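Data first, discussion second: the structure below is written as structure tokens.
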Amino acid sequence: MDLGITPRVRPLIEQVRQMVQTDIRPLSDEFLSLVGSTGNRFEYSERQTEILESLKALAKSRNLWNFWLTDSEKGYGLSTVEYAYLAEEMGKVHLAAEVFNCAAPDTGNMEVFERYGTPEMKERWLKPLLDGQIRSAYAMTEPDVASSDATNMSMTCVRDGEDYVLNGEKWWISGAGDPRCAVYIVMVSTPSDDRPKHSQHSMVVVPADAPGIEILRAMEVYGHDDAPHGHMHMRFTNVRIPADSLLLGEGRGFEISQGRLGPGRIHHCMRAIGQAEAALELMCRRSTQREAFGKPLAQLGANFDIIAEARMKIEQARLLCLKAAWMMDQGDRRAAAPWISQIKVVAPRVALEVIDEAVQMHGAAGISQDTPLATAWTHVRTLRLADGPDAVHRRQVARAELKPYTNQAT
Amino acid sequence: MDLGITPRVRPLIEQVRQMVQTDIRPLSDEFLSLVGSTGNRFEYSERQTEILESLKALAKSRNLWNFWLTDSEKGYGLSTVEYAYLAEEMGKVHLAAEVFNCAAPDTGNMEVFERYGTPEMKERWLKPLLDGQIRSAYAMTEPDVASSDATNMSMTCVRDGEDYVLNGEKWWISGAGDPRCAVYIVMVSTPSDDRPKHSQHSMVVVPADAPGIEILRAMEVYGHDDAPHGHMHMRFTNVRIPADSLLLGEGRGFEISQGRLGPGRIHHCMRAIGQAEAALELMCRRSTQREAFGKPLAQLGANFDIIAEARMKIEQARLLCLKAAWMMDQGDRRAAAPWISQIKVVAPRVALEVIDEAVQMHGAAGISQDTPLATAWTHVRTLRLADGPDAVHRRQVARAELKPYTNQAT
Amino acid sequence: MDLGITPRVRPLIEQVRQMVQTDIRPLSDEFLSLVGSTGNRFEYSERQTEILESLKALAKSRNLWNFWLTDSEKGYGLSTVEYAYLAEEMGKVHLAAEVFNCAAPDTGNMEVFERYGTPEMKERWLKPLLDGQIRSAYAMTEPDVASSDATNMSMTCVRDGEDYVLNGEKWWISGAGDPRCAVYIVMVSTPSDDRPKHSQHSMVVVPADAPGIEILRAMEVYGHDDAPHGHMHMRFTNVRIPADSLLLGEGRGFEISQGRLGPGRIHHCMRAIGQAEAALELMCRRSTQREAFGKPLAQLGANFDIIAEARMKIEQARLLCLKAAWMMDQGDRRAAAPWISQIKVVAPRVALEVIDEAVQMHGAAGISQDTPLATAWTHVRTLRLADGPDAVHRRQVARAELKPYTNQAT
Amino acid sequence: MDLGITPRVRPLIEQVRQMVQTDIRPLSDEFLSLVGSTGNRFEYSERQTEILESLKALAKSRNLWNFWLTDSEKGYGLSTVEYAYLAEEMGKVHLAAEVFNCAAPDTGNMEVFERYGTPEMKERWLKPLLDGQIRSAYAMTEPDVASSDATNMSMTCVRDGEDYVLNGEKWWISGAGDPRCAVYIVMVSTPSDDRPKHSQHSMVVVPADAPGIEILRAMEVYGHDDAPHGHMHMRFTNVRIPADSLLLGEGRGFEISQGRLGPGRIHHCMRAIGQAEAALELMCRRSTQREAFGKPLAQLGANFDIIAEARMKIEQARLLCLKAAWMMDQGDRRAAAPWISQIKVVAPRVALEVIDEAVQMHGAAGISQDTPLATAWTHVRTLRLADGPDAVHRRQVARAELKPYTNQAT
């Protein structure tokens, strides 16, 4: 169970870290400062486009691109463990994941296209996604049902001749606010008495410019709209898509989403670890540079303990993520599932705790725009809900734990 | 030690509660939705002014005004315990405290004017403040020093003939963004070798339109500017004020601020309890109305425990606040001080925990603009830093605790 | 809602505190050191009897006796709030509650006899109990069922002519190891199809010397048998009692136990607060007297924070207990019930946390026989299980909280 | 960084696990039930000796012996990571570590003899220790000083001709109560102005039967004396040892103890993980077998969450221990030190939390002698103090963390 940095990935980590800290960080800050400068927060100014494209070009030129394609000939063929170390570095700065074409939800969507897409889909959507020319979204959550129980999904998808017709609302569609977002993968309800409860849903591919799609509003995360990316609330009214837009077959929606979400959750978690690590670094800098009562903060009260606890939590959470990644690499998704549930609970929690302590160590600066901490906190807070709330994942962990003891009790 | 609702205050609580929930809540939401509608987030639209002034007029007409004037002939003569119950109700909706002319920082500033102001100040500032015609700010925190150690305050205030001349920066000046803010009370450094360390600072009164004052920017709280109120970053350049603007005498700044902050902290804490109570109510509603896995959320997993823990925490925190208020009412500020430090740590912490659980119970809606929870969380989070960070207050509590055992160890 | 120390109870508190600390503490330690000195840990040596009886005589002579008889002509007529303050003092030293004839389970049992007993029972059991001549036990918990769900109680009680005949096992019968224990109040199953689920049990009075009763063993609490008091595991084999030994009527067992347990839980909780307060005092003494790295422990690392948190927790828990006591005093047991459930969770938890921190502050001495801390911890730990585990009480609190929102959801 | 089970150690783990669960567990329980059966708790009955020796003989016959000798020709040459997995299994049952001759403090003492002992010491002490014929103790902690600051150690060791003469007290000398304990390794003060603060102490070897050594009493752990092993309080009065009993040279005591404690802490921590794992297993069994309110406990309230959290904590703590072991295997003790400090804090804490939840799940049985949980809890609780209290280890972690940022701040 090698959870370490392999010789193969070591130089990549160095290159990514260096590019994230040196090249991306300052431009990422500038990019964010320009949000809304055109009068529309979901529009790119010329300078924003320039920043993003120049960084992507630089990454491509250094062959630092599409790392997430684990066991694939198209990418580096990295293992999930190896990729995890890269994801951690990319989590430290806002734009970084996109610069290396490793951002959610595109990575998951690309995997879906690669695995289940028709040749036409691969040509029309996968290719430009792999090239970083378009972006995509993944539409799962709905406003009127408890999405923690995915069988509640209710957007209708009804066969009409050679088409399917979609009706309903989705919200928290991350990235759908981006003008470059060209395609959605959408979970829909396709009920049939012939199939069991977990086979009543399907997944369809919908062009973003299909008639009948409205963006109602941007959902806010603790008051912030995350523009120009956005988490959009959308309405689908008689949206018509050709029948071959339905992936894999009716009723197989969860099969696809399960496969899709595993790696995505590991990426999210490792990026969260990256944010925790960045927060700890800021906390250490602050505590050694700022003085009160005649001493550096580090030497006051419980601050040594706070710093030590942060280090211990991060190390444990990282090792757990690496073990989950390693389980994923063993090829048995069923066996890996409870491990992914574990990190889905642990990594955001640890990151939130560490970031919150870093906020407190910074005083009023910590909650302000003068450090990345406040933004990091609200971002990571979403992870306790996205892709299943903590309670659902804990339930999965407990069920796996109890299985050897009884089949009835779970 | 009567911590209960007295017959005198009971009908007031009912009236305030009813007005907060029925009259203020919907208009408060409308008011917030209009922020920025004029193109300037720190400007009031006509409708915003209309909302605020009509509500204030209604409160005045019902004689629900200036409750905070405890032991004063001008107000109700409520005890701090009695006022605490009203503050809790006012904490539940954004605009409420201002509607009853009970909002920070005005209440504290009015107390300062009442107690230490010259007749001219009372006429020029106190009167319109008591009438709700102007607003005020309190300028303490500075960007370049650890304000947790108040002796660090460095804004200079130098005598020059009949004037004092101020230079320096202040930030997190709450309310200074409001166009109605007419006056600042400002902590300044007036060093003198003749006085001990805690007597090197003074407090001065500065008209908001004094030449040399610049508002540099609005500080953001987890990405939100709290407009039109705002927490401003300001620069004072050669700001000249007449010598009688200095309150009470040189070197007596902390004497004033200590007297000022005690009641204010109780108000803050009881409003935080109000927000916790409001969050628990939302949590209960959500958990009984929303279903997942075929059951109301309340009946799933740990949700009973989460609700019970929230109730137990709130009750304890409220009782502690009431006891601190009762200590304040006994008239010995020195004896009350460690109690106020206790609630300053406890009340925000409890409110944050309860609100966060309410967020989680609401799923993605909880972090969004669709409930008041996310805003409440970020607002209460500031209280762990404002008026002294947790660590400083814990230190005060510990020092008081250890005093009987030794004088050296503290 | 007066939660304070009344003029009436103030001198009693002083007298009790003084007697506990000065008279009882040293003799209590001697008493405990003599356990087992006769070769039988559940036997009293002459000196043990002398210690106990002389202290009881002293208490009686000072009229510090039977305080627990709230609203009764026989006692002081103290309110529950007033008694709570006394219970706190009595919680600080091992023998204290018994010295004042205020120890569990006698107080609860005496209340049962007073309220539901026949004249014969009052003469035979209540009178000597009130005089401190005998002791009693309360037999509820059974080894083979989950006693957290009290409807599981399974000891049979079958009518046979003029008698009832009991069969079954009880364990954790506190005080049943004491040779002075003369009578048991026992929960038994008396099923009847005519009565609902919560009316299938009854309560009977059983002389300790009734044939057929065996003491199987002493249950240990973290390795300690709590001799000579003991928590005994007992077997009842064809134990025959006259029919009028059944209190109040068949099926009314829970009615009695509910009434009995409310005040008892408050007493337990306030004694736990007393133990927390005693632990905090030890922690403060240690932290100011012991040095490491050239400083008193108090000034090292997080110790100020640990002390402050202990103080804040204790104050909150005490106020909550006092409020629950006040609710009890209002006379509506149904309304008071969720408050008692709250303190049943909170008070032991807080006491355990404070004691554990005190242990840690004492280093290896803390876990040893050289301080009362280790014993206090194991004793308080039982309270998280006795009279209902935490989870059951949290459930009660949540049900009460949710009631206004729905009747179905609970 | 291979943290997994190697092919080499896999069969050993299976053999050890099987022997622990099948052979040792029942006899370990019998052994403990016989403590005190001779009338002296620190004496072995014939049956106790038989049990222990027969199990040791069995282990030896299977070549399951002295695993702890990592990188040594005498043992298996296991890496610390490999050994860690074995330690976890041995932690699950009381006698197990000794059965495989892997018990503290012998393993540490044997390493000291191996590394620093004279040929005579190796013959006289190391050989019979390796054979399991005698046992040993390690005398560090003293009653009158804060041993968390090891420079406080005050037992005197004065040169007198060809001898050293020792005077002072030691307590918590684990294993010194065992009649088979033949030798002590003792930390003594040998002050010299020529040496720095951390070079004022030395380590000496003292035969247990040297004149002048008194065992004053057995220290109790939460009321338990841990007989026949014991944690003894001892007095040394003019104990005379030959000069060559001083290891390595005057002033080098800490050098030896640091080297000694690293592996020992890893062993302790992995055994604690084993106890946590055993507790979780009991919790799962109980929660699926016991019913209340008509359902298995597992399905009630927060129990799924409790089980899931236990699993997540254990996995993280184990991975951290394994990483610390791996760091140790890299050969740089200085680099490994903060990792060992991390697990020293984390592993006992996690084990205590999991065991406490298991206790609660078992109801009153959990705190009693009917499960191993209560004993396990008190045993693991000592680990938060032994070999340095949590606070000291957190301090080490923080110092290591802050080093890159400044040299002054630590």
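For clarity, chains are labelled A, B, C and D in written order, and residue numbers in each chain start from 1.
We take it that a contact is a pair of C-beta atoms (placed from the backbone, for glycine too) under 8 Å apart; a residue touches a chain by one contact, two chains touch by 3 or more.
Listed by chain with UniProt protein names: A, B, C, D = Acyl-CoA dehydrogenase.
This one's a predicted model, so the numbers in the text were calculated from it and none came from an experiment.
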item: C-alpha-based rotation, chain C on chain D, 0 to 180 degrees, nearest 5; value: 180
item: Which of A-C and A-D has more C-beta pairs touching across its chains; value: A-D
item: For chain C paired with chain D, centre-to-centre distance based on mean C-alpha positions, whole Å; value: 37
item: Chain A and chain C: spacing of chain centres that average the CA atoms, whole Å; value: 53
item: For chain A paired with chain D, centre-to-centre distance based on mean C-alpha positions, whole Å; value: 44
item: For chain B, residues contacting two or more additional chains; value: 301-302, 304-305, 391, 394-395
item: Touching residues (chain side chain D, partner chain A) in the complex; value: 1-5, 280, 284-285, 287-288, 296, 298-299, 303-305, 307-309, 311-312, 315-317, 319-320, 323, 342, 345-346, 391, 393-399, 401-402, 404-406, 408-410
item: Complex interface listing, chain A residues touching chain B; value: 141, 143, 146-149, 152, 171-172, 219-224, 290-293, 297, 300-302, 359-360, 363-369, 374-375, 377-378, 381-382, 384-386, 389-391, 394-395
item: Residue numbers on chain B that touch chain D, as the complex places them; value: 301-302, 304-305
